[in-house]
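Listed below are the structures to be examined.
What follows is chain A paired twice: with chain B in the first complex and chain C in the second.
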Partner chain A sequence: MATSTKMLALAILAVLPVLMKASTCIGPQVTSNVYTTSEASMSISTVFVVEVAVKCNNGEKDLLLFADVNGHMVPATQSGTGKFQVSWSDEHKKLPAGTYGVRFFDEEGYNAVRKEKRSGTDGSTVTPIFTVNVKHSGTWTGPYVQTEFVATCVALLVWYMAYRSKSFLMS
Partner chain B sequence: MASRKQKLTKEEELLLQDFSRNVSTKSSALFYGNSLIVSAIPLWLFWRIHQMDPYQSGILFAIMTAISTYLVSYAYRNVKFVLKHKVAVKREEAVTREVMKKVADDKKMSKKEKDERILWKKNEVADYEATTFSIFYNNALYLVLIILASFYVLRSLNPNVNYVLSVASASGLLALFSTSTK
Partner chain C sequence: MKSLFLLVVVFVAVRSDNDDHAARLLASKSILNQFIVEGKELTVEYSIYNVGSSQAYNVELSDSSFPEEDFQRVSGSLNVKWDRLAVGANVSHAVILKPLRPGYANFTAAQVKYYPTEESQAVQVGYTTAPGEAGIVGLKDYERRFSPHIVDWATFAIMTLPSIGFPFLLWYRSKSKYDVKHKKN
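For the complex of A and B:
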C-alpha cells in the first residue's frame, strides 16, 4: 500500500512539469504598429508605443509576452486576442533618433533572461520569439529662428527701403 | 461801395489747392479705405496668434480699429502734404517736357495756357505719387510698430491689454511722426 502511494506520488511529480509547462508560440506571424514622439516642444519626454498582433502556427492563443526594452523586461499588455502593447518613455536626449530592437519573449524566455541577468550577463544570448524594430526619427525641437523674428526682420527691411526712398525725395 | 466778387483764376485755384492740407473726396476715400484695411490687420494677428476670441473682444476690436483708422489716415494726409511739394520739384522737368511735346504743334494755345496746363499736370502727378508713396511708407511703419509692440515690448501682458496698447501706440506714433516736416 505504501509502495503504491509512493509510486503514484513519483508519477505525479514526473508528469507535473509537463502539465505546468508555459504556453509557447511556434512560428509567430507578427504585424506591428509603432508610434514615437515627433515633437519635443509640446512634450517633456519621448514616448514609444509598440502594438503587435501575433498569430502562432501552433494555434496558441493564451500567450504571455514580455518585452526587453532598453535592457529592462516589461510585461506586454494584452489589448485583444493575439494583440499586445508595450510602451515606455524617457527624456528626449536619452532616446535619440535611431532604430531600437524590441525583443519579445514568452514566459520561458523571460525566465531564461532573468536567470542570465542574475548570473551577471545581459541576457542577449536568449533567443526571443520575435523582434520588432522601432524606427525613431527623432523629435523636432522647434524652428532655429522664431517666426516673429523673421516677420520683424522682413517688416524692418521693407520700412527701411521706404525710408530711403522718402529721404531721397525729401533731399 | 459795391463789393467786387473776384473770380479765382485757374492758377490761383491750383496754388490754393497746392498749399492746402485738404484732400479731394477721392483721395479721402482712398485714405480711409486703406487705413481701414491696415488697421484691420492686427485683428487677424491677435485672433490667430495671441488667441483672442473675436466674439468676446468684438467691441474692443471695433473701437480700436476705428481709432486706428482715423489716426492712420491723418498720418497719410500729413505725409502726402509734405511729400507733394518735393515730388513736384523732382518731376517738374519731366512733366514740362512731356506736356510741351504734346502741345508744341498747337499754335492756337497761348503761352499762358501752356503754362497752366504744365502746372495742372505737375500738380496731378505730384498729388498721385505723394498719395501712393504716403500710403506705402505709413503702412510699412505701422506694421513695424505693431509687430515690435505686440511681440516684444508688450508680450508678457494680457492679450486684451496687449492689443489696446500696441494698436494705440502704433497708430499714435505714426500720427506723431507724420507731423514732422523732414
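For the complex of A and C:
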C-alpha cells in the first residue's frame, strides 16, 4: 500500500512539468524581415524595424517575447499569432553602418537577464531563444560633393587651361 | 467652531482620489520625415507611456488612418498589442509606409485600448496625439529640387563641346601646320 502511494506520487511528479503551463518555445523556426532607414531626409532619426514570425515545435501559441536592443530590454510587440515586431530608433550618428544582433528571450530568459543586470553584469551570458542579425548599410545623408560643385570646378579648370595656353602663346 | 468645520470640509474636498491603483497610458504618434515624398518611405513612430499606478494589461494599438489604396505598407504592423505595460515603462513602435499619391494628407490619431487593472472588465479607450495635416510632395518635384541631376550635367557638358571644341580644333589645325613648317626649316 505504501509503495502504491509512492508510485502515485512519483507518477504525479513526472507528469507535473507537462501539466504546468510553461510558455517556452522548443525548436523555434524563425523567419525575419528587417528594415533600416536608408535616407536621412526621410526620417530625422534612424529607425530599425525587425519583424519575426516564430513557429514552435511544441506548438506554443501564447509566447511572450522580449528583445535585447542595444543593451535595453523591451517587450516584443505582438502583431498576430506567432508574429512579433521590435522597433527602435536613435540619432543617425549613434546608429552607424554595421551588423546589430538582436537577442530574443522568453519570460524565463528575460527574468534571468534582469537578475544578472541587477547583480551588475550585462546579462550577455543568458542564451536567447534566437538571435536576429540586423545589417544596417548606413543612413545616406547626401552625396560627398554636390554635382553643381563638380560642374563648376570642371568649368574653371577648362577656363584656366585655355587662359594658360593663351598667355603662353601671346608671350 | 465655524473655522474648524470649514477646514474639515476643505480637507475632505481637496483629498484626491489617487488610491484607485489604475494604469493610465499616454500615447504619442509622430511622423519622423523631414519631407513626405510620394513613393519614398514615410516613418511613423508611436510611443506609449504608463503614467498610472498599476500595470496596464492587453494594450492594443490600432491605426486605421492609413488606407491601403493611399499608403503601401513597407515594414511594421498597424494593429499591434502588448501583454503588459509596467508602471513607469514606455514602449515605442514604428511603422514604415509608402505614400502612393501626392497631395494633402491629414494624419489623425490612432486608438489605444487597454485594461487599467487586472480585474477590470471594461476596456479603456484612448487616442494618441495626431500629427495633423501635411503635404505629400510629388516625386518629380522632389527630384527636381534634390536629386544630383548627373544626367542633366552630362548633357550640358556634351552641349558645350561644340562651342569650345570648334575654335580649339581650328587653332590646333593651324598650330600643327606651323609646327610642320618649323620642322622643315
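We adopt the following convention: the second predicted complex is superposed on the first by the 123 of 171 C-alpha atoms of A that agree within 3 Å, B and C clash if a C-alpha of one lies under 4 Å from a C-alpha of the other, contacts with A are read in each partner's own complex, and residues count from 1 in each chain.
We adopt the following convention: contacts are C-beta pairs under 8 Å (C-beta built on N, C-alpha and C of every residue); 3 or more make two chains touch, one makes a residue touch a chain.
Nothing here was measured: the structure is a model prediction, and the numbers come from that model.
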item	value
Chain C versus chain B, contacts on chain A by residue	C
Touching partner for A:A151 - first (chain B), second (chain C), both, neither	both
Partner chain in contact with A:L8 - chain B first, chain C second, else both or neither	neither
Contacts of A:S45 with chain B and chain C, given as first, second, both or neither	second
Which of chain B and chain C A:I26 touches, first, second, both or neither	neither
Partner chain in contact with A:A97 - chain B first, chain C second, else both or neither	neither
Contacts of A:Q78 with chain B and chain C, given as first, second, both or neither	second
Chain A positions touched by chain B in one structure and by chain C in the second	148, 151, 158
Chain A partner contacts - residues on chain C that touch it in the complex	32-35, 37, 40-43, 45, 74-77, 79-85, 91-96, 146, 148-150, 153, 156-157, 164
Chain A to chain B touching residues, read off their complex	148, 151-152, 155-156, 158-159, 161-163, 165-166, 169-170
Chain C contact footprint on chain A (complex, rising order)	33, 35, 37-45, 47, 49, 51, 64, 74-75, 77-80, 83, 85, 87-89, 143, 146-148, 150-151, 154, 158
Sites on chain B touched by chain A in the complex	82-83, 86-87, 90, 133, 136-137, 140-141, 143-144, 147-148, 151-152, 182
